[in-house]
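Both of the next two complexes hold subunit A, though its partner changes from subunit B to subunit C.
Right, the complex of A and B next:
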């Protein structure tokens, strides 16, 4: 990945435009998004600056930032943007591109959570909460987080010890295969 | 009862597990109001946060498989009580409607045509459809002891140009609905603030901070109960009060009800029937309330 150059300046911005159906140059940097962002405090870079990085071709800075991963997808920014730029959707595309380009994601726990969640859907067709938590704990080694909640949840019938497997499991698995293949052919 | 509503039902994964009381209370209340709910055949997970933050094609395909399933069943409208499922379903519907190239791509993945005739409703819209008069007529218990902070969160409202539901900054539809039960809605500031959503496990610290701010604002404005319409919000605001209490020992607990549970109480069902006993923060109506 090249940074600080204008020669590659269109590629990632173009890929974002292709994924989100919107032009990143719409943003005129008023900063309203960052002012109202409920998770700004935890991010390493303000959300509007991620947009600025992409506009100026500082791709690496944008893709390696913790900001897209901490974005909770609440869409407060998208709702308030005077340019009607959907920043939440833009953040989706930045995360997706960070994964496609093999950038080391700062928020590893969040990424591992999403991967564990998707594995359940891929295998069973639905989110299987016990499987999700078990896989997440093993991948992150946070073995003892929330263990005090689990027995109560099982007693209340909120955590099922066995997954529900849908009939269309194969159809769902196919969705995963086909969408992964699309990424392979694009590379 | 005449003019009974028939609607499709997309339960979503939480409704079969951590939010099973939301499912339980919705089914009981619907039955009481003469609404016939038909589950979408063999539905799959909508993809939730994890799909749309990592792969937009996957997210749209997972959501649209459900729309296609409902379509094949001949459903013309369906309720998705989980705000997150509701959001994923309507956003993917919208995207495939306005971007023909995306629609073609998703049709190829699903190996099925997308006609998009199914109207997806959130839980508040379901009650609007059932009708305020009908709900009011069915109320047998006055919930006047409840000062309720209606919490909308994010995904019920936003993006407003797709949901076309209420005012994105100052919504009032839940308040209007709960007034039918005698409960008094409180005016407060955090009804559309984010609780931290899917960060509940991987960044519990963030969820504890954000949820505490929301709960505190509700209490500061005189609420003795919160009302929500999303399993993720409920997990963060109810279940996470244990972690909040650990971090902030002075935290003042407040019970959190699903909208369907509150309405169920007004229709004369008890806490256990509605699954309210499954919550982390205990809630019971005063026994003397008639």
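Right, the complex of A and C next:
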């Protein structure tokens, strides 16, 4: 591991505080979040360590890690944290920042899934499962993964062939447009 | 001689294994026994009444109670004997519980042993002499050694209770380390503001005799009756004439020869000085080692400017003796000296942190002075080397403590808190500055303490890094602090402008020598030992000597104050009666037999044996004999066993009594 010199300009920590309305200094590194995390075993770095990296200014290590992407957002950590630090929210902010800073994301598939999911929301105002599956598979080229579970899901009515359209479809689309504009002006 | 025997069943405790009625029957046949009974609970009220009634009705001269250990109920039965009109020391106990029923299973054998023990006790009690409790007068004056916050609190408490106090302080002023502190955790109130009123109160208290610039030289005597010799060092100023105007201090031409120890060496002081402006008493001291007058007899500027003719160059140390009843040790602590590192020294320095080599690597008390409004920088953050405001400060905890290799394995207890305070004070004054704290664990037990540390981290943005720093070195005008964050598992390097070492509290200089002078035990670090770590934390093992504050172990201010008040309360318990009562189980010397070899003196662990001269009618010394001081003798019997002429006897356990007991077996 390389040697780092921490600097005063804790920009990323500040940005996270801005996005999540909570300061990373709240965390006192007890490790309860990592202890209870259901996907901890698939992560390259423990969740509490990601907070530690941000506290110390090791931003690159935090943003490059697979941990924020593997975080399922189940909020077990947020519920249990003795300092009431919302770690799930924090992970969300780290993912956003990783994209904003153009960091090469380790978990490309997960990123593609997120994008496919948002795309469905943008188009139909809610998740369209078949479309999501199709888009995800085309993006990742994992064409035949989990195919065997499809018939059962169709039988149970979990996969509808046609999208379900909501009433405020236009309003949802507007949210996407406005968010994109906001991002544009910020840059 | 009429003896009564009383056998107790102790409920089932004795009765289960010992056939008590049989023991009682057997005892009836012992020579001298005129009355023998057994009863379920001898210590109960009816049981005691049985004893009292028997003594009165049968005219008993002595009694034997076969029951539990004398530790448990000897007092009870002796009191019953006294109530019925016989000397309490004519009551003996046979231990039929701890020595018989609790350790044996076989009823037959246990009963036989109980009978034997009872017979032995009967044979002993036949030879018992009536004894009277020893009464020792109490001098109701307290000596407090050390004038820091613990000593001040103890002195005020005792004096406010109406007893006289002698307060001895080795420095020219009272106040101790607390007077050096800037602000105090966890409330951040100014240390001097809360301390100085108490210092003045001590000075003005009619019951307190304040002796500054003085040291305890000799302690003789025992609880309630100490004779203490105190050396008053020569101030070379006539305290009765000096008004404390300070003209001699301002005019003294020797300005830069001596470091100001109150400012922790970060400023100079003249040859004539008071430690700090708020000193109590406000009377200067002339430092012989730097004053020109003591070198060549010249100068004497102070003499010329003093309008009161108070300068006394020829003043000598004075020895004063005081009669004292109780002593409170409140000698405090000193800071681990990180610069000292001779190889044979117990204290090994921290060369790796560059203290003494880099001017901007300072210790905890130096930081206090920099942060203090009355300090050398008037409370502005200026680093010692160039007076610039440090923009990045690193605090390193556990320097000197929790480090076996440096000789101190204990936790210094207050450093976590004072480091959080230091970092906070720095951030309060230097808003764009950064504060880093390297710690191993944060130990912040105490009311509002953990909240205080979290406040430093969450509100003031102090950055805490878990890990011990390995090295501090200079590079391009910066101090590079090399550490590791063990939580992130990443090496951390910080380019600091100033480094503050959270140095440990260690025992006061010469603490062990003072402990030997006063006669109390101390641990391997030089901290004074308490009599019991849980139940008697205030008392030393020597009667009448109490402990207060950091002289016992590292302590913060509230703990020191609490301990001081507790020590004051202990002296008041002692002063509650005019006479101290002691068991008369002490050694007695038969002066006719004593040959004056004084082997007993050599072996006595309590220094209780003195030399007494036997004179004839004309006052000519015929011989010297041993004499036992009742106040000091603890009745251990070592002298009795050592005496070659068998002329020392332990009262209540004479050779005759012991041999009779053995013969009865």
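The criterion applied here is as follows: the second predicted complex is superposed on the first by the 172 of 187 C-alpha atoms of A that agree within 3 Å, B and C clash if a C-alpha of one lies under 4 Å from a C-alpha of the other, contacts with A are read in each partner's own complex, and residues count from 1 in each chain.
Going forward, contacts are C-beta pairs under 8 Å (C-beta built on N, C-alpha and C of every residue); 3 or more make two chains touch, one makes a residue touch a chain.
As the structure is a prediction and not an experimental result, all values here were calculated from the model.
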| item | value |
| --- | --- |
| Contacts of A:26 with subunit B and subunit C, given as first, second, both or neither | second |
| Which superposed partner A:145 touches (first subunit B, second subunit C, both, neither) | first |
| In the superposition, subunit B vs subunit C on subunit A residues touched | B |
| Which of subunit B and subunit C A:40 touches, first, second, both or neither | neither |
| First, second, both or neither for A:53, with subunit B first and subunit C second | second |
| Which of subunit B and subunit C A:61 touches, first, second, both or neither | second |
| Subunit B versus subunit C as contact partner of A:157, first or second or both or neither | first |
| Shared contact residues on subunit A - subunit B and subunit C | none |
| Subunit C to subunit A touching residues, read off their complex | 392, 432, 434, 454, 457-458, 461, 463, 465-466, 485, 487-495 |
| Interface residues, subunit A side, partner subunit B - complex | 19-21, 38-39, 42, 70, 72-76, 78-79, 86, 88, 91-93, 95-96, 99, 107, 109-110, 112-115, 117-118, 120-121, 125-127, 129, 133, 136, 140, 145-146, 148-149, 153, 156-160, 164, 166-168, 171-172, 174-176, 178-179, 182-183 |
| Parts of subunit B lying in touch with subunit A, wherever the complex brings them together | 13-14, 16-20, 42-45, 47-58, 61-62, 65, 69, 99, 108-110, 153-155, 157-160, 168-169, 192-194, 196-199, 201-204, 206, 210, 239, 242, 278 |
| Contact footprint of subunit C on subunit A as seen in their complex | 1, 3-6, 8, 23, 25-26, 28-29, 48-49, 52-53, 55-56, 58, 61 |
